[in-house]
Structures are given as C-alpha cells and as structure tokens.
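Given below, in the form of structure tokens, are the structures.
Note that subunit A is present in both complexes that follow, paired respectively with subunit B and with subunit C.
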Partner chain A sequence: MSVGASTVREDRLGALAPRLFLGGGILGVAGLGSSVLIGAVGGAWDRLLFSYLAAFIFVLTVSLGALWFTLVQHMTRAGWSVVLRRLSEAIATNLTWLGVAFAPIAILVMLGKGELLYHWADTSVYDAGSEHFDEVLTKKHVFFTPTFWTIRAVFYFAVWGAATRMLFGQSVAQDASGDVSHTHRMQRYSPLFMVLYALTQTLAVVDWVMSLEPLWFSTMYGVYFFAASLCGFFSVLCVSLWLLQRSGRMQDVVTREHYQDAGKLLFGFGIVFWAYIAFSQYMLIWYANIPEETGWYITRQLGGWRMVSALLLFGHFCVPFVLLISKHTKRAKGVLAVIAGWMLFMHYIDVYWLVMPRIPADLLAQSETYRQLIDSIQESGNDLGFHPHVLDLTCLVGLGGVAIALTARRLGGCALIPIGDPRLSESITFENM
Partner chain B sequence: MGDSALSAGTSDGFGLLAEFETPAQIMRAARAVHDAGYVEWDCHTPFPVHGLDKAMGVKPTILPVLVFFCGLMGVSLGFLLQWFTNAASIEAWFFGIVRGYEYMISGKPMMSLPAWIPVMFETTVLFSALATVGLMLVFNGLPRLYHPLFKSKRFARVTDDRFFLVIEARDPKFDRAASLSLLETLNPISIELVES
Partner chain C sequence: MEATPIDNTFEDPGQRAPLVLNHNDFTSVTTDICRASESPRPPRAWYIAFAISAALASLFFLLIFYLFITGVGIWGNHSPTMWGFPIVNFVFWIGIGHAGTLISAILFLFRQKWRTAINRFAEAMTIFAVVCAGTFPVIHVGRVWVVYWLFPIPNQMELWPQFRSPLLWDVFAVSTYFTVSLLFWYVGMIPDLATFRDRAATKTRAIIYGLLALGWTGSNRHWHRYERAYLLLAALATPLVLSVHSVVSFDFAVAQLPGWHSTIFPPYFVAGAIFGGFAMVVTLAVPSRQLWGLKDFITMRHLENMNKIILLTGSIVGYAYVSEFFIAWYSGATYEGFAFINRAFGQHAWAYWLMLFCNVVAPQLFWFKRFRRSIPVMYFVVMCVNVGMWFERFVIVISLEQDFLPSSWGYFAPTWVDLMMLVGSMGLFLMLFLLFIRYLPVIAMAELKAVMPQADPHTSGEHDTPAGQNREVV
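Presenting the complex of A and B:
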C-alpha cells in the first residue's frame, strides 16, 4: 500500500522549461510590444490602459488564488494535496514580478495622469470652483490621494512577495534536505500570511478595480474577487496538470483522486461559491434599489453588456454546474481539463465585465434619473465601453506569455512535486473513497 | 475453534461468522469471498477500511441520482410556493379551497425571480438533505433494533478492535461444510455459527 518517498521518480520540467520560457517570452514581448505600438500609432492610449488593467487583474487573480491554496494547505496540514503544491507555489511566485507589471499604472497615477483610468485621480473633482466638482468624492479624497494609493500598492506587493518567497523557498530547500523543520516553519507563518492575505486582497481590488467607479461601493466586492481568483487558479491547476501528464511528467504521483479533488475545489469555489457571492451582491442591490448602487448593474444590463452578463450567468454557472456536479466528470482527466479551460476563459470574461463597462461622464451629468440616463444612452448609441479591441488580446497574450515564461523558469529549477515533504507518500496513496 | 459445535445440529442458523485481527486480513478475506461468488454476505469493522468496498465488489449507490431529482423537486416546489402565495390569484385545492394572492412589493414585478431565488435555494438544499438522510436509512434497512449477529458474544468486539465477515445462510451458494472450509483457508482467529 505505502510508497516510500525514496521510490518516487524525481520529475522535472527539464527540456520543457527553456522551451516554455522562450515561447512565453516571445509571446510576452510580442504582445506587450504590439500593445504599446498599437496604442502609440492608433492613439488608443486610454483603451490600452483599460485592456492592460484587465489582463493584469486576470494574471494577478490566478496567482492570488495559488497563494491562498498554498497557505490553506499548510494551515490545515493537508496531506492529500502535497503533489499539487509545487505547481501552486510556482504560480504564486508570479506575485513578485506582477509588482513590476503594476508599475506603469502606479507611475501614471503618481505623475498626475491617473484620470485616464481612474475618475478619482482627476484633481478637478475636488475643486469647489470647477464644473467637475463632486462633493461626495471629496469625502473619499483622503483615501484616494496618489501617494497613499501607491503606498498601499507597495504594501500589498511586499506582503505577497514575502509570503510567496517564503513558501517557495522553504519548500524547495526541503527538496534537498528532507528536513521536517521547513514544514513546521511554513505551518507557523501561514496563519499570519492568511490574515494579511484577506486584508491585502480585499483592499487591492477595491483600490484597483472597484475604484474605477469611485462613487459606487459593494461590501461583497472583496469576497467576489476571492471566489473569482480561485476559479482562475483551480482552472489553471487542472489544465496544467493535464498538460504535464500528457507530456509524460508526474505520471505515477498524480492520480484521478487528485483530479477529483481539484475538480471539487473548482466546482465548489470557482462555480458555486462564485455564483452564490455574485447573486448575493446582485440581489441586495436589486432589492434595495438605491440609485447610488444600481447604476453599476444598469451599466452592465445595457447594450452589448447585457449579453456578457447572460454569458456569465449561463457560462460561468449554470452549464458548468450541471457538467461538473458529477463525480465522473471530475475523475475523467481530459473532460475536467476541457471544462477547466472553459472556466479560465469565463474568468477572463468576468474580469473584463468588471473592468470595462463605463458610463460617459457627459451623459451622466445631463441625466437626473436613471430612466433619463438609460434613454440618453440608447439615443446616443453609446456602447458603454463594449467594443472588443485588438488591444484586449495583445495585452492578455503579453502578460499571459510573461506569466508562462517566468513560471516555467521558476519551476525549471526544482522538482515538480515537493519530494522532501514528509506527507508525500500520504498524498500519492490518497483515495477519495 | 469449536469444529464440533459448527458441525452439530441441522439448522444453518443465520450464517457463518469469521473473526479477523487486522484490516489487511479482512481485505484479503473479502476479496476471496467475493471471488467465490457469494452475494449475501457482509463485513463489519470498527472503523471505515479504505478499499474494502472495492474488495467486496460493492456496486456504487444510486443515491446521488435520486438526490439530484429530489433537489429538482425542491427547486420546483420552492418556485410554485412563492408563485402561488405572491403572484397568482387563482384558486387551488389544498385540504380545502385556497386562493393565491397578488402582492405588490416595493413596485417590483409580480414574478420577481431574484427575490425568490434564496427560498428556492433553501428548498433545494432541504429536499436534497432530507432525501440523502432518508434514502440512506432506507437503503441500509434502518432503523433496525435487532440483528442476529448480536447473539454472538465475540461480535461485541466489532466496535473495538476486531474485524468480522459473515456469510449468510440464505445465500444460494451457502453450504455449511464448503463455506466453512473457505473461511478456514483465510486464517481467522475464530469461526462460529450464528443462530437465526
């Protein structure tokens, strides 16, 4: 029954690592380069910012999901998940370079050009003499000063960087030594980082995404992003497990049992919990029907966004819910990987749906009621930001390529599973039933 | 082993009970009894032994499928309940003639699905949960206050540290001598004939 850790073949990315690094790197450079080129030549700078933010948030949430998964395995002293943990640790290390990827946005805000992306960064809204003066926003001005906002961002990345470096470093060090003290250290620090994770993850999405509409607020927003992050991460986990196994790696260690559990987590967090939170947020706002809250959903129910909302309802919840509720689909490796691939696409659509829609300020200014606003939007034929642009694709390919390249580089330097972990044999022989 | 007691008498009783000391032994025994083609037999252990179901050749339960349909029934009844009590002005029979009532609530449409979903969700969970527990009891033949195995003194240790396998006399393949010799090849620490 038991398989000793010494009998496990030490799988590595090997020759795949430089190829993934090169391929991802080419995609990254080409994607980001062409984005800047299209932005400069086409004069689509503000569009570039939105597309870049959507792609950045997409890659960020996948990595944040990975960090949460790694932390929770240590907090619960989980045995079953050990063979999946190295992938999760490696994906989470993306949080270190994502700080650099965030720098352009932070620099823009610090230089006082932030209003291209964030309405609160427009200094004239705080000026009582200006026609853009917004008294409600002045109450939030303390929170939305460029310096404080940037200091917060630095704090988030410092916490995430420290957590991922500690987890990855200790785990890789244990590969060589097999010393159980590394496990103890990871278990000791995980609760601390989990508390900080909840704080930083919530505030980060409030700062970077919810503040796109600074007057709107939802206390569900942080939890919604948490659920969305896990959808992104567990999708990536299922797909990459399948691809790695097809390439002949991790053959004997990762079994259907692990796929079933990864599928359960994707089903539980990424599909059901996501829908639960999304609906809770929607129902409270719909029921209370308070103008300052409903505007956010009205934007997403007009024009092209109506279809995107429906796509999320059916494509992100209804259909995958029915497909993945059965144990049999979760245990069929290829089927699970295809559904996970679809969920990853849906996760990007979800992020896109959160970042992109916006009501033009002039239409908002001339309307006194939402009825008038809806009428004037429909008369003017404004698309509320719903015009898929080639920049969306180039930014996504660019940041996605960089993420693949750097993950492969990290992963290339170590084993694909934590071979020194004392619970490894428990994980390999793990059975659901 | 009391072979004389096992061969005495003509009644087969409830069946033959074999006692084992370790999970590994009962796994091996279960595999052997399953391979011999018995159907009316069972294993009793102090804790769940992983892989024992597989060794016994137990077929997967259809409980999840039934629970799924009970969940569907829950979601439909939750919808109907709210539709009738909030949005319908028709008469229906429910132990007497009752009339639905149209409630106007904060200017929302009569059919306000978002407001109904929490109740529909709860009835789905309620029906599924009750179906899971109820059908599990039915499939297991519970509640059952008496079982012939309780007559065996040794069987009391099933809740402590012993593993038992019983081949019932009603099994078509049951033959006291043949079944006894099969059990004996599995090295149990005891075998006894349990009265019915």
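Presenting the complex of A and C:
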C-alpha cells in the first residue's frame, strides 16, 4: 500500500475536535455539577468522596497506561506502533489536569478533614488516650502526615507532567520539522522517566488506594495497578482507533495489523498478565492465611462484593481470554472494539472493587477474631460499602467527560499520527505475517 | 570481501541496523557456522575448558555417590535452615534456565529479530541449566531410591503425594518446562541438523545427523509444518516461562515466614530469572563468538541489546528489593521488620550487601553506551550478576537461621561438600555446553538467513520501496 505524504498530513481531528470538546465539556460540567449538588442536597458527602476517588483512579490509570506505552515505544525503538503513538501521547497528557482534579482530595486532607476518606487521616488514632488509638498505625504516622502525603502527590504529578509534556511536545515539534533529533531526545529520556514512573506509580497507588485500609499491605499492589492500568489504556486505544476510523480518519495508515497488535497487548497485559498478578496475590494471601492480610479479601467475598469478585474473575479474565485468544477476533476491527469496550467497563469495575469495599470501624473494633467480625457483619446487615449510588455514575461521567474534552482539544491542535517520525513508513507498511 | 565493512552500531531512527556484518551471504553463513562442528579439531582453548569442566562434573557425580552412601548430613543443612545449599542451587540454575526460552519464545512473539543469533545458544543453555537444577531436589530427598514417589503413581501402600505442597507443583512445573524447552530447541534445530547432514564428510556424521534431521528435505510442505509447530511451541512456552519460576517462588511465598511470605515474589522471581539468564547468555556468548569466529553474527549490537535487558531486569529486581523493605516497614509487622533488619545488618549482612551490589548497583553501568559496548566492563557486570543472583537465593534461604525460636538460632555455614557440589554443577553445565558448541549448530542458520537483507525481495533496490527500507532488515 502506498500512502502519499499529503493524505497523511491532512489526517486531523478537524471539525470533530471542537464538537468533542463541547460535548465532553458539557458532560464534565453536568456530571461534576450534579455530583456536588447530590452530595450537598442528599448530605452524601462521604459517598461523593469515594465515588469521586473511584472515577479519578479510573481516569488516572488509563492515562498512566498511556504514558507507559509511549515510554516503552521509545525504549524499544519500536517501529510498528508509530501510527498509534499520537493517541497514547495525547491520552497521557490527561495526567496534567488530573493534578487539579486531585486537588480537592489533597485540600481535604490538608484541612484535617481527610478521615472522611482515609482512616489514617483521623488524628485520634495516634492519640494513646483515645478510644480509636491504633498502635500499628502510629508506626507509620510519619508516612501519613498530611503534609508529607501532599508533597508526595505534588511530586508524582510533577514527574508525570514533565514526562507527558516532553513526549507530547517533542513529538508534535517533530511533525513540523521531521528532525530525527526529537526521536533521539525521546529515546534518551524515556528510560529515565520509566524509572521515575515505576517509583511514582507504585507510591501513588499505595498513598491513594491501598491506604484506604491503612492496616492492610501487599508488595504486589503496585504491580497489580500497573497491570490494571494497561488493561484500561489498551481498551481505550482499541475503542478510540475504531471510532476514529469510523469517522473517516486514519483510514489508510491504521490497518488490521495494528488492531491485531493492539489486541495482542490488550490480551497479553490487560487480561493474562492482570490475571496472573491477581491470582498470585490472592493465592499467596489465601494460602498463608495470615489475618492481617486476609481481611482485605474477606471484605470482598462478603455480601454484594461476592458477585463483583466473581464478575471480575469471569468478565475480566475467563470470557475475554477465550474471546481474544484467536487472531480472527483481534483482526476484526469492530469485534475487537466491542471486546475492548467491555474490558474498559471491567477495568472500572476493578477500580470500583479496589476502592469501595470497607468494613465499618465500629464492627472492626468490637471483634476479636475474623470469625467474629464476619458474624457481626452478617448480623448487622452491613453492606460493606456495596450500594451502587447515582454519584458513582455522575462522577464517572464528569471526570470522563473532562478527559474526553481535554484530550480532543489536545489532539485537535496536531496531526492524528506523528507525521514527522522517521519510522512512520515502517509502521504504515508493517505486517504481522 | 569488500573494503568497507558494514557497521551496525549506528543510531539512525530511519534505518534498521543490519544483523549480519561484513557482506556475508547465505553460503558464507553456512560455512562459518558449520566450521565449529566440521573442523577436525576444535581450538586448544576448547580442550582445556572441556578437561576442566569434565573433571568438575566427575567430581559432582562422585560427591553425589558419596551423598547417597552417607546421607544428607554431609551438607551444612540443619534446623531451622533445613533447605540450605541444595535449594539455593536449584533456584539458581532454574533461573538461568529461563532466559533460553525467554529469548526464543518471548522475543519471537515480540518480533525481535536480533534473537536469531543467540536463541539456539540460550535454548541449549536452558536445557543444561534445568538438568543441573533438577539434580538438586532429587538428591535432596534423602531416600533417593524412592524418588519416584514424587509422582502420583498408584501403589498398594496408598501413598499419594501432597498436592497442596508447592514442592510437588515444582515437580510438574519443572518437568513440563523441561519437556517443552527440549522440544522447542530440537524442533528449531531440525533444518540446521539437515544442513549438517547434507554437508557431512564422514559416514558417521551423515548417519547421526541424518537420524536427528528426521528426513528433512526443505520442501515447501516441511517448512509450512515447521513454522506452525514453531509458533505453537513459542506460544506454549511463553506462559511456561512465567509459570515455572512463579511456582518456584511459591515454594517460599506460601509459607507464613517473615522474609518469605511476600506477594510480589512471583513476578520478582520471574524478573530475577530473566536477569540471571541473560547474564549467563552473555557470559557464554562472549568467549564462544571469539572461539568460533562468530563476531559477524553475534555482533556488538546483540551484546548491547542483551546488556540493556540486564539493566532493565536488574532494575526490576531492585524495585522488588525496595518494595519488600518498604512493605516490611509499612506493615508494622514485628517479625517481618526483624527479618529485614537482620538481612541488612545481621550476621549474614555481607551476603545481603554483596547481592545488592552485584544485582542492583553493578548493572547501572549499563546506562552508558560506552560500558554496554565494552567487553571487559560487560564481562565484569555479568560475572557480578552471576554471583549476585546466586546470593539472592542464598539470602532468602538462610534468612531462616534466625526464626521464631531464639534457642534454635545459629549461623549457617556450608560444608566442603556443599561448596564442591556447587562448583561441580557448574562443571556439568559447562561440559554439556562445550559439547553442544562442538557438535550441534551453535547459531540458528536457517533463522539467521531469514533476517538477512538477501531474504528480502526488495533488497536489490529494484522496487520502489519507502525510504529507509532498502538495504536493512525490516
């Protein structure tokens, strides 16, 4: 297939950009506005915080997955993926405004009201005279001081912002100049950013999600989130490729071959690697059966969470595994997009399953053993945080809308593929077989 | 030979570097690679290395005999460090046995064409490393004459293995891995064995390689079947690479012991295995390419790529060390904290810091291109990694010497038999490897030819190809 430089050059979001910006913006404002309204009117402030955190983590993981993908393409000097890279660069730039989206949570913690979300932010747990005193938590008090916690968050966003700015900026600059020095620069800095990525991604999910249950711990946690974020990103990639092609864009440059490879990555990382990590973590905790660790899973095996866990097992692994193992489903663009759409939904369920479940502190305090705890939970009829709320939806729509609006705005200002990349022709002509 | 040698160390994003240097064509590739096996005598260095490694291998077998007639008391193992050297050696060798299938299968699936020069090597290394690895648990069972009880064989005493034990999972994981790796290695070698057969100068060679080549004629149909089988085996081998070392990590991680029970163990062990395995490939590739004159095929670029993977996996291992330490503190668990403080500052602190230096600090030299391309620096680093990865397992295994019961605390010290058996297993490994590079095709000739410019229909430049695709391998 021969593709003229001019047809590639004209491939832009064009008129779609302002429409997506407007549509996403309306969704964003409506979603976030109604969330605040429901929170204020319904008095569901703490629920709002959890719903908001789940939606935030969902958008964050997708963007982090995009950043990882972009970095890896430069580290491996990849050729096949060049035509997909602009999308991942643009999705990764969401990490800049997500810092603003995180601000309400950080301000809450800094103002000393963090205990609505994080048990460790409740200062009475460190007070030996208080009934909430928790000796184990005092050991990590230094890690959970609001100032140190916020400084860390600022550091994460600074790193992510610098990385995405560099990658997006260099790549767009190359569109105009076609200068290979941009490629050299991106290849030079990507490994360094990858080291920082591993550090910040791990600590961020420990700080923001694992610490929701501050007594629980798992060394696998960062890796689990890494796998989950790849699932989120590759799903978004497959879906947005399909939508863009249906709108008549990227017609001649993105072929079935690219779909197949994106599908392979979704299959390999988002489904199989995710399941490997999830299984390993579960199996080791189940097998050793140490109460400090099992509580986290017990919560997720009781009440409504039981069905959510089963849904993840089958919906996030078993069924998509069978569906995507064949090259035919990966090469059928529409089929792949539908499966990827399902995986994106599953990724949200995964995040929801990580963020939402909780055991009420009073039940925890009353129980001596886990057996007692389970019994008292069942007696009290507590739902352990499993009560899907309209706020879950409004927050997701709100942050998702903002993400769509700002990604479209970012993409609107440049070509849809990195037209100046020296490996572009290799990518366009690449074949799997 | 033309005057201008082809350079493949350039960094030009618009071009793919050639993987074979110095204007080799298909004939010269065949001749150069077959020479290692066809020359009447190998170089003197080969004889010296073979004599030493065969002597050490003999020592290994003698010591195994001594062990059988005496009992495992001749080792340093004691309560509470029940596992001692045998399990350290087992995990060390099984880790090395990983890179082979990784290079072949995973790099194949990721379309990394530079794998063709080193995959045969690495696969052979896998087989020999797994042989060494498998020996240790077998001789460690004590009553070795009933070792077949490890398998679920129906018997009148109604003895049945404990299926809940990860040690039993090891039996299945390792034997499956060995079988698939052997098949993968052998199937990949068939076209090259046929080349050996066709070029055989003696009757013996013709018969032996003829039998091994399974009647390969190179017909279209043969190639078709071969390619399919190879792809399927690669796809099968990939989850196996991950599963074997994950199961090995379960040996430790399912326990409730501080320092052993950590959820990151499975991917951490897999990364560590790839790390140690690649270091061993470089360790073997550097002298072999010198010895057999293979520098046109195993180029500096190949070595540099491997060094990058060593840097990457070494950093992943470093990530795991740090997260273990962090979570040991974060968990607030007294015993976990003690185990790690003890690791870093206890009686075996020297082993811990040695491990950390070898596995995490030394590979950082590979951030610099100059060091990635320097044979002495590269050799220093991979030797560090070989040592460091052995000590990693040592540090984990002997952390039990200070368990929950202070009255049983002690200092684990190996006996001379422990040490000699480790050295002996290295001898066995090297001996098998030396036999391989003398008698079997050391580089996958057929695959190498497929990534040469001559295999590309556009190579002559007659067609109107997009920029940057003319000469190089795409």
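Keep in mind that, in the parts below, the second predicted complex is superposed on the first by the 424 of 433 C-alpha atoms of A that agree within 3 Å, B and C clash if a C-alpha of one lies under 4 Å from a C-alpha of the other, contacts with A are read in each partner's own complex, and residues count from 1 in each chain.
The working rule: a residue touches a chain if its C-beta (ideal position, glycine included) is under 8 Å from a C-beta of that chain, and two chains touch if they have at least 3 such contacts.
What you see is a predicted model, and the numbers here were worked out from it, not measured in a lab.
When both complexes are overlaid on subunit A, subunit B and subunit C end up clashing with each other.
In the superposition on chain A, contact of A:Tyr287 is made with both subunit B and subunit C. By the touch criterion defined above, A:Thr202 reaches subunit C but does not reach subunit B.
Touch counts on subunit A: comparing subunit C and subunit B, the chain ahead is C.
In the superposed model, A:Val136 lies in contact with subunit C only, and not with subunit B.
In the superposition on chain A, A:Leu311 makes contact with neither subunit B nor subunit C.
When the two structures are aligned on the shared chain, A:Phe217 is found in touch with subunit C, with no touch to subunit B.
283, 287, 289 are the residues of subunit A that lie in the contact sets of both subunit B and subunit C, per the superposition on chain A.
Partner subunit A is touched in their complex by these residues of subunit C: 11-14, 16, 111, 239, 242, 246, 250, 253-256, 261-267, 315, 319-320, 323-324, 327, 329-333, 367, 466-469, 474. Residue ranges on subunit A touching subunit B, taken from their complex, read 279, 282-283, 286-287, 289, 325-327, 431, 433. Only residues 50-51, 53, 64, 68, 106, 114-115, 117-118 of subunit B touch subunit A when the two sit together in their complex.
Across the interface of their complex, subunit C is touched by residues 2, 77, 79-80, 136-137, 139-140, 143, 180, 183-184, 187, 191, 195, 198, 202, 206, 215, 217-223, 272, 276-277, 280-281, 283-285, 287-290, 292, 421-423, 425-426, 428-429 of subunit A.
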